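Pasting the structures in now, so scroll down.
Consider the two complexes below, in which chain A is the common component and chain B and chain C are the respective partners.
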Partner chain A sequence: MRALLATLCLLLACPAAAQPLEHEVKAAFLFRFLPYVEWPQQSFEAPGAPLTIGVLGAPHIEDELRHIIPGRTVHGRPVVLRQLKEGESARGLHVLFVGRAASERVRAVTRLAPWQPLLVVSESPGALEQGAVVNFLVADGRVGFEIALDEAERRALRISSRMLGVAVRVRPPNS
Partner chain B sequence: MRWVQAIRGSVRGKTMAVVLTTTLAALIVNALALLAYELQTYRQTRLDDLRTQAEILGRATAPALAFGDRKEALKDLSVLHARPDILAASLHGADGRLFASYEGSPGALALAQSPEALSVGHKGNLFYMSQSIFEEGNHLGEVRLVARSRLYDRIVTYLGILAGVMAVALAVALLVSAWLQRAITRPIVQIESAARAVVERQDFTVRAPRTSEDEIGVLAEAFNRMLDEVERRQGELRIADRRKDEFLATLAHELRNPLAPIRNAVTLMKLSADKPEVLAEARAMIERQVKQMVHLVDDLIDVSRITTGKLVLRRERVDAVAIARSALEAVEPLARSGGQAITTRLPDAPLYLNADATRLTQVFLNLLNNAVKFTDAGGLIEFELKAEGGQLKALVRDNGVGISAGQLESIFEMFHQADGSLERSAGGLGVGLALARRLVELHGGGIAARSKGAGRGSEFEVVIPLAGAHAEHGYSERAPGADASARPQRILVVDDNRDFAQSLAALLRGMGNEVHVAHDGAEGYAAARRIAPDISFLDIGMPKMNGFALAHRLRQSETTSGAILVAITGFSQPADRQRAKDAGFDHYFVKPIEIERLQEILTRH
Partner chain C sequence: MRRTLCALAAAACAGAAHAATLAANLADLSLEQLSNIVVSTVSGREEPLSSAPASIYVITGNDIRRSGALSLPEALRLAPNLQVARVDANQWAISARGFNNVLANRLLILIDGRTVYTPLFAGTFWEAQDVLLEDVERIEVISGPGATLWGANAVNGVINVITKSAAATQGALVSLGAGDDQRDIAARYGGEAGGIHYRVYAKARDRDGLRLPGGASIADASRFAQGGFRADWQRSGDAFTLQADLHDGDIDAGRDFAAANVLGRWTRALGEGASLRTQAYFERTTRDHHRTFRETLDTYDLDLQHNLRRMGRHRLVWGFGLRYYRDRVQNFPEAGLAFLPAHRDLERHHLFVQDEIALTPTLDLTLGAKLESNSYTGTEFLPNVRLAWRATPTQFFWGALSRAVRAPSRIDREFFTPAVAGGPAFRSEVSDVLEIGYRAQPAPRLSLSVTGFLHEHERLASVLVPPVPATFTNQRDGRTSGVEAWASWRPRDWARFDAGIVRLHQALRIPPGTVDLAAGLFERDPRQWWKLRAAFDLGERTDLDVMVRHYGALPNNVPDYTALDLRLGWRAMRNVELSLLVQNLLDRGHVEWSPGAELERTAYIKLRIDL
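Entry: the complex of A and B
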């Protein structure tokens, strides 16, 4: 954990004393995924329309994201954050983070909007089998992630091959 | 410095020096220019290349950097193995701390971490490059590269190539200069050695060989021609010298000849002071010999006059037939005693010439005397006179000893003796024909000699333009230095001073001109209208009409407007000169007028 934290401290440009916490790292990573993912044109109303991130069941990550996103753009678009309540629809979202607290909800959520170009990110083991596109894993003191390219393909999401190199596991697309 | 001397003293040295210097200079300038350019572009090129490399690496390692995957980052950096010139590379996070690194050569990483590495550029023998990594406007970190610079190696190689090229170029230069030597300097040297031979040994038979078609060949040619000329003139000088010596010998002999009889005669007179018939005989002998000497001296004087250009002809309208008759009469005694017969063919009517009667007689007499001299007893001499094509032709033919082809021209040369012994026995200086030719030429004509060869007789033809045929034919030839004979003009002299007018008129008449005289302006005007003179000499200060007014009126009148007007006056103010010019005078002279001025005017017009 110390190695991880030391590394991440580097990335987050934090002063030597502080150690980043897991949710901080995950929030940072989540934000950093975004440039490597391409959404279809139709998922945005207008060229300048914002990219909306929905967070379900991850208040800490949500807070962290609120610190990160102001003034930043992704693909030239502003980023907007929305807290999702239980039962609320994922319509209008481009990214949905399902926290550990709501991990059992992954399948339900993914089934609700199976074709929506929605980057579903989770942090529970086996979430990919439940329909997530990206799933955070923590192993050997490092935060890593796995990617389901078939799920991404199904949702018309293009994920840059450059991200695949740093992923722990990649599930290939259906060919 | 000896080699400086070698260059200054030889054309070959110079050409070699030129070739070598230009080659070296060109090479050095070229090399320096290229070297400078190389250095400049090499540095730029390498930096550009490293920048690109860093950018590529940055893009490649961005995800690894973004997601903290050091393993991935190291994998990305390892592609640098393909670039042996890149010694080390390092990847740094946003805060500058080292994330991943690559070391291509042991110990190189330390260089990458040195403070110099932070700047971009060339230091020591290394290139340093750094490039920031951005993703979506996020500053993720930095990639730094350290590469080996081969700058100094290149310079050394360059200088090596330069040295090699220079060596080759010098060899080529030596070959070229050897060729130059053959083509250019050798011909020059040949001319130079020929020149030196001429100067040192006074040997004018030396010639320079002509070996090329260029300017040097022309120089050699010109040099040779000059030597030809020198040789020829030397020859001519020798001949002239010899002739002069012969002439002096002849002269001495000819002068001495009459002296002996004269001395004898004097002695005789002394001894026979009381015998009148002996005295008479002696006087006659002296008279004869003196006549002979006078002849000789006259000839000598004529010769000197001709050669110094002081011979003046008194030309007037003369009848060539009458002159011929008198010359024939003069030669008759000589012909009779020589046993030759002279036949004549003369026209019945007179043939008029503008000539000096005395001189023309001299010419005919000379030719006839020669014919008698050079024809044996019993020979025939013919004298013919005729007019042909506006010219007088006089022909003297004989069947005597003839003239060989080579001498047909040289017999007219001064002091030429056709046959030394014969000439001497007959008496004479060898100047007769030369004089005759000169005299005829002064009359605007010429003499030619013709002969079928030795022993086969000869013919001399004299051609002179007849009077009435205007001298504008272009016949008139000035004897060099001599005053050309003016052709006769119609002249009017107007002056109230009768003595002056008469004397000027007499002078002008003596020169062969037709002169009219008037003693005042009105008379002068009337005379001018009547006779239409070619030249008018007008006095200025005259009663009834002065010179200016007269000139003015003459210019106004058509018949007289074209004449030459000469003012002769006692006034000599500059204002008068201008007045004369304004009045229409062509010339202005102050009394007394010199005869040379008169002659000038007459010949000029």
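Entry: the complex of A and C
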């Protein structure tokens, strides 16, 4: 028994590469979507104005994004993260991630700002029907995503075909 | 011990920096690369708090693989809220919240929506229930009366075994295992044709018999084989599933059994979160207890559930189910027992409605009512009320008040021996249950759950004298109370610890002036049990899991015991895994049940190949 404890002692001190967690992969995905999405010019006050990501109801993904964004730029702009509270408006955001804890808010949020060029990303089944633009799905241990292209178009967002190609499902415009 | 603690502290400081590096590295991958990453299923514990107002523990497919479980009951050991006792090579006594016996009749067990229990005893013959464990998506273990959605006989809990969809089990899988007491072989092939995903599987097992503590052989060596298929397809908002299984087993001690079932399910998304699910299945089981009885049971079941879209504050679900049993028993007079009448057709139907009301954005009130009718006692009314409060994003409180019923089975009413007989007046056992629970995620890598419960029982099954001859009556009552608690901590990405404890207190009463002939027959429950599990990822290829459990003494002279199981898994190549499982590492032998086998230290090696 003591030999077993000693071995564990040695092992505990040495971190090993393990499989990432679901929220780590989703945060990475979210960041990697940004170069493939085009916002209309009026969404930004100035050429160097930051791209703002709001997160509602997803503390773990928020933490991951905080580790990712320092020192990185998207479309030549710095990226800024903002935690959204219940009831707070999405004004000034370019991306909004609605986490599972706030999944019932997807419809309310998308209704409050129906025309804002806002990339609404969620992670609950059926969120595309609630107005989200991108929704994460986990199947067979892998994180995938589906895109509502009609919703993106309605919000004047252009999504590169490169990103559409990797999506598990794309809801086409005029559906 | 001190050195271990020092190492842990040092590792804790390194942890924060390590996490930051991992996140940044993932963000350098391309979309295609991110799509291919298999995420650790341990993450199931780290997600936002479940808001189910019930005491529920989910055993994931990955937990099952890492535990080395060789059968469904062994997989159920992982649930802290279940009391799992191995009786002999093939039989198990499994229950939640007390009243455990070999045919625990207060648990509802479902495999992919198919109820797995016999109306002969209103219990489950665990020796005949099996699934290809590699294809299990998860097992939901709910202790306490299942909510309205489940029915009578879900008095103490519900075990819901859910297999993966056919789309998630594509390709071939071969698994071979051999150990001191058991040898297994299993294979599965999954493919896709014309938009339909399917899989076929087959498995076979050969087990040695075990011995009683004195050394006497139980003569329960057994052989078992099972096979089946599943097909899923989708078309716009409709999803269809068809599955079938058949199995055949025999046990040297004089039991043979076989079964075949076919099940179809259709789910339709109705838009705006509404859905309709219809399911129908047929099962034929045969059981032959040599020179004691033979039974053929046909089950026909139709089930419908309609989830309505949210209307204002309300989310309604309603449904109904129709079930017919055709039970044909052949009695053997020399056995000294008989089911009379030998042939019996039974019905069990239900209708339920449930309303989940959002009183405030963080407070939900669920009102549910179920009407169940059965061939013995007519209609039973099962109401329940649940309150769910998400106090903060990481703290959740819930409470529930329910009425649960265990309807009579054939053995309660129609079973005759010279000494004891089923009673024609046997009624349903009733339990009124109060539960309070708390679930929290105090830190990102730590989650915990605590539930307190109080069950007030009435009309419990009893066999009392006087009068003579004794019959099954409903003259006991009493109370079960206790606490269930468990926690999961993942201090590192490669180390996880799970702990669970249950304390149980039963106080049952018989009327004055009677003697309980069945003392200890209907239930054998310890005062407490606890379970610990440590899971380590040692490098990219190796898994180590250490599982310890302790059960208190059982009332009929089964001493308390502690058992340690260990599994080491090694991914020799990307799709080849070799594993070694050692059970009862510390023991030379212990019993978990009486009368029951002595369980000794055993080793088992398994090879799994995914093609």
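Heads up, the rule we're going with is that the second predicted complex is superposed on the first by the 158 of 175 C-alpha atoms of A that agree within 3 Å, B and C clash if a C-alpha of one lies under 4 Å from a C-alpha of the other, contacts with A are read in each partner's own complex, and residues count from 1 in each chain.
Criterion: a residue touches a chain if its C-beta (ideal position, glycine included) is under 8 Å from a C-beta of that chain, and two chains touch if they have at least 3 such contacts.
All values reported here derive from a predicted model rather than from experimental measurement.
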{"item": "First (chain B), second (chain C), both or neither touched by A:F29", "value": "both"}
{"item": "First (chain B), second (chain C), both or neither touched by A:R142", "value": "both"}
{"item": "Which of chain B and chain C A:T73 touches, first, second, both or neither", "value": "first"}
{"item": "Which superposed partner A:M163 touches (first chain B, second chain C, both, neither)", "value": "both"}
{"item": "When both partners are placed on the shared chain, which of chain B and chain C touches more of chain A", "value": "C"}
{"item": "Set intersection of chain A contacts, chain C complex versus chain B complex", "value": "8, 10-11, 13, 29, 32, 36, 72, 142-143, 162-163, 166"}
{"item": "Residues of chain C touching chain A in the complex", "value": "1, 3-4, 7-8, 10-11, 14-15, 18-20, 22-24, 26-27, 29-32, 34-43, 46-49, 164, 167-168, 269, 271-273, 361, 393-394, 444, 492-495, 536-540"}
{"item": "For the chain A and chain C complex, residues of the former touching the latter", "value": "5-6, 8-13, 15-25, 27-29, 31-33, 36, 57-60, 63-64, 67-68, 72, 86, 99-101, 126, 129, 138-144, 162-163, 166"}
{"item": "Interface residues, chain A side, partner chain B - complex", "value": "4, 7-8, 10-11, 13, 29, 32, 34-36, 72-75, 142-143, 145, 162-163, 165-166"}
{"item": "For the chain B and chain A complex, residues of the former touching the latter", "value": "62-70, 72, 93-95, 97, 99, 135-138, 140"}
